[in-house]
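Chains: A, B, C and D, in written order; residue numbering restarts at 1 for each.
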Amino acid sequence: MILRLENVSKSFGALKVTDAVSVDVPRGEALGIIGPNGAGKSTLFNLITGNLLPNAGRIEFLGRDVTRTPAMERVRMGVGRSFQIPQPFEGLTVFENLLTAATFGRGGREAEMVEDCAAILEETELLKKANLVAGTLSLLDRKRLELARAMATGPELLLLDEIAGGLTEGECRALVATIRRIHAKGTTIIWIEHVLHALNAVVERLLVLDFGRVIGIGAPDAIMASKEVREIYLGLEV
Amino acid sequence: MYRLTIRTRAGNATTIAVALLILIGLALPAVAPRSAIQDLFFILTMLTLAQLWNLLAGYGGLISVGQQAFVGIGAYAMFAGVILLGWNPVVAILFGGLAAFLLAIPFAYLAFRLQGAYFAIGTWVLAEVTRLLVAQWKTLGGGTGTSLPREATSAILGTDTIRALFGVRDAAARDILAYWLALVLVVAVTGGIYWLLRSRLGLALAAVRDNVDAAGSVGVDTGRLKWAVFLIAAVATGLTGGLVFMQTARISPDAAFALTDWTAYVIFIVVIGGIGTIEGPVIGVLVLFALRAALADYGSWYLMTLGVLAIAVMLFAPKGLWGLISARTGLHLFPVRRRLTGPKIEGGN
Amino acid sequence: MLLETRGLTASYGQFRALFGVDVTIAAGECVAIIGANGAGKSTLMRAITGILRNEPGMVLHKGEPIGALSPAAIMQRGIAMVPEGRRLFPSLSVEENLLIGGQMRKVAGPWSLEAVYDLFPILKERRRSPGTALSGGQQQMVAIGRALMSNPELLLCDEISLGLAPVVIRDIYAALPKIRAGGAAMVVVEQDIGKALSVADRVYCMMEGRVTLAAPAAAVTRAAIHAAYFGEAA
Amino acid sequence: MIWLDTLVQGVLLGGLYALFAAGLSLVFGIMRLVNLAHGDLIVFAAYLILVGVTMLGLSPLVALIVAAPVMFGVGWLLQSLVLNRVLGKDILPPLLVTFGLSVTLQNGLLETFSADSRRIPAGTLEGASIDLGLVTVGVMPLLTFLSAVAVIVGLNALFYRTALGRAFRATSDDAVVAGLMGIEPKRVFAVATGLAMAVVTVAALYLGMRANFDPSIGPARLIYAFEAVIIGGLGSLWGTLAGGVIIGVAQTVGAAINPEWQILAGHIAFLVVLLVKPRGLFPRAVD
């Protein structure tokens, strides 16, 4: 198991946003997370990255207890993330964005880092634009950069937060192809998404979250076929 | 196959031009009158302080209004080294840098408890406290201050050689030495900052400046970065303080810890020239000097003009004069961009 | 037409959130806007209320362009919003939160402090408490009451059931017919389709920044919603 | 007995510092803006009153009543024309603009009024004192303190009893939603700064009547005011009074030990509070 959550709970005041979530993620898996707005999806990510600490429960990463480990250390251990709204370093170039992530998220000799960054840029179809300032990029390229920068920290586990939102059909397909390639090379992925067809093109399992609780986990076809899940996701009363 | 380069044609040209300027600057005392040397000393030391404040505020986001504390403590430590320990003033300047470092630790510890605008006034209070404490130091003249003893000023390292070389008197020789040291300092500080910005620290600073959350998410330690920048700026500011008061040879708490001289002017230089660039302070210090020359006879009009100019720049051209020039021409004299070179990469600098 | 958007686009920086949205709201009617998370529903509300400024002609109020006006100016024309997440003022008491809703637009109408307390009696008991000390459902009542205090002609309700327990949602929705009886037109932005359909005359469904379905509420089938939601034939 | 006297003098002095600080606290509380020219604006107002008293022959109180609306207008214009343009997520522009304003004001005053020390003549009030049995207090310090209390009571009433105060608090909590309530945040900010400048005028009256002043003393007043605000806790007006009193008492106690330590003791008290309670003594629940 690369990641193991045991009864992880998080409350803001009286509101329980994550309610005793337990899930095991085997190495190499691609897991999708769906659920209505406010179901606690992003909170779950913040608990995994260490930007939030749980009120109860235990988080293991690569067999080590990281429940209280600071976010910065988890990045260096191999937890990479992309933000829902792309947050590039706008004044830096695409390449510099990656170089920063490589330098501080992983480290190593400069020549190696440069080669790695170039390889990731090639993978994410940004190589041509390596020397453009990130602030000038289109939305699709910002999303790609978000992905590429997370990759540059050398993640064992890659967390993608609604990376397909706001894209056109064609753009979305291109991005999905990239994510499939990354996954095929062995990176474990957990992906929150509401663009379901994009998600289902990549993930092996789907996890459905509602009111902070896991209400279903399994193969995408089975989950989406479940009337209950589908209705909850739509917000229709069963 | 892929390589990282920072060099550009403009950057290479700058390097050559700066090297030439340094050589000319070193040789200048042979031909320039004493008043010109004194003016240049003023310009160079102000430029040093401005580059350091720019490092703090423009790159590190730390808006300090208390840098006069480090000028003052550096100056007083230099005086203490000379008067109490009998050191040569030039050596004692280094002691000024050490004192600034020691002061910076508790200073930052307290100031970092305050955020944003309150950090600014907090540094100001801490500078005041430092001034008031130093004013209690009776052996160095307390509130009224003191002068460097004549035997120390006449025996400053190297002045004999300068006297012989240029055939000048004691005081003029001291000015030339101070000028040379200021030249060395400004080159070291500007060069050091330039190097820093091209190092991994510069990458981290730029990342934090653009987006703190994202910087944390890729592993940048923002807390340590703040400390590093603050300590570096403090030490170099202390060295500058020591040098400035070696040249004047007279010190008092009010002069050494003057908010106007060591922080207000400096802020105006950076803001008017362009914050967050190395070129900005250079432009700013020239504007300051030109205004000083033009308004020398009008007393407080000089500072008033600077204040109004700074407000106008903030309102209408927040990136300063260099920002305007750079936006028009796309020129960067001190490139810090790391470009990826190799196959399949197109355009963009 | 009370309110109309024409080819409304909106962006957060480079992030394009709306791609040419056309919706109309007639006086007195109730319109539901449904769609998945991220479909652009809240952005539409932010654009209508002026939080995101637009080209003047992209939003029309009674035929006049208001797309470039400030939120305050738009509110003073009689368009009030119950914002997503309720967003009560923490340093104001319940009663002050209500009062501030009406203090900048004083027009005659069915709503007053007393009328709001009649609608949500629990608020009268808690009138002196800080707004944020209330439960989520009660806070939602304050947010609705606060918007009503200006006697708006159009009330925009952004995700009023979000994060609330089903029984509380039922209470909130029970109040909507009474609000409609006061004469204001309403827009109900919802992810809870069942709830939205129960109160609306017409429905717009949004997906990825566009309107994918516009129909009378009575004519909407689950199949049509599935298609509009998932971008696939159900 | 001498210690009791020192304490009472300190508390009364604290009233003056609270007056300096009230406007700063008000503006920070509503728009998170720190005005580095606050001290110089106090001095500016003091000169305004001085002109009214010496050139127009007004009594200090009448001069105050004339100057306060003028200062309100100055604050309103300053906020509308300059500060509203630079308020935003980046704190650098407003800081640098107000710093520039501070230097400009100081030197403008220097040019107009010269560096000579001046004082607002207070007639018989000067030097008058009341014997309270255990201690004797000056009428002027007592008036200062009572004015500080009155200003704070007044501001609190405005904040918590009026529609304007409600708009202030709402805008401070959430400017975007305040807009949805029909409130123009920028107009609210302009009124708040105007109000702060009216309070500054009261502070200026006492600054000018109690002791000599000259164009250069603004920054030191800003520092005392700032310390009082931080000690009290951001946004709490009664906290600001408490902060002022702490600075005042620390200064008089310091001065009683060694006259040279007066100012230093005030600063040290501030640093100690900062170390122990970085959010101040009465921090706001929500921030």
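Here is the rule we go by: contacts are C-beta pairs under 8 Å (C-beta built on N, C-alpha and C of every residue); 3 or more make two chains touch, one makes a residue touch a chain.
All figures in this text were calculated on a predicted structure; none of them were measured in a lab.
For the pairs B-D and A-C, the larger set of C-beta contacts lies at B-D. The distance from the centre of chain A to the centre of chain D, each centre being the mean of the chain's C-alpha atoms, comes to 51 Å. With each centre defined as the average position of its C-alpha atoms, the distance from chain B to chain C rounds to 55 Å.
Separating the CA-averaged centres of chain A and chain C is a span of 32 Å. Contacts between chains, counted with the stated touch criterion, involve the pairs A-B, A-C, B-D, C-D. Taken together, the chain A residues at the contact with chain B in this complex read 49, 51, 71-72, 75-76, 81, 83, 87-93, 95-96, 99-101, 103-106, 110-111, 114-115, 117-118, 121-122, 127-133, 149, 152-153.
Per the touch definition, chain A reaches chain C in the complex via residues 14-15, 36-38, 85-86, 137-139, 142, 162, 165-167, 194-197, 234-237.
Within the complex, the chain D residues that touch chain B are 32-34, 36, 82, 85-86, 91-97, 99-104, 106-108, 110-111, 219, 222-223, 226-227, 230, 260, 263-264, 267-268, 270-271, 274-275, 278. Residues of chain C that touch chain D in their complex: 49-51, 70-72, 75-76, 80-81, 83, 87, 89-92, 96, 99-101, 103-105, 132, 146, 150. Those residues of chain D that touch chain C in the shared complex are 163, 166-167, 169-170, 172-174, 176-184, 284-286.
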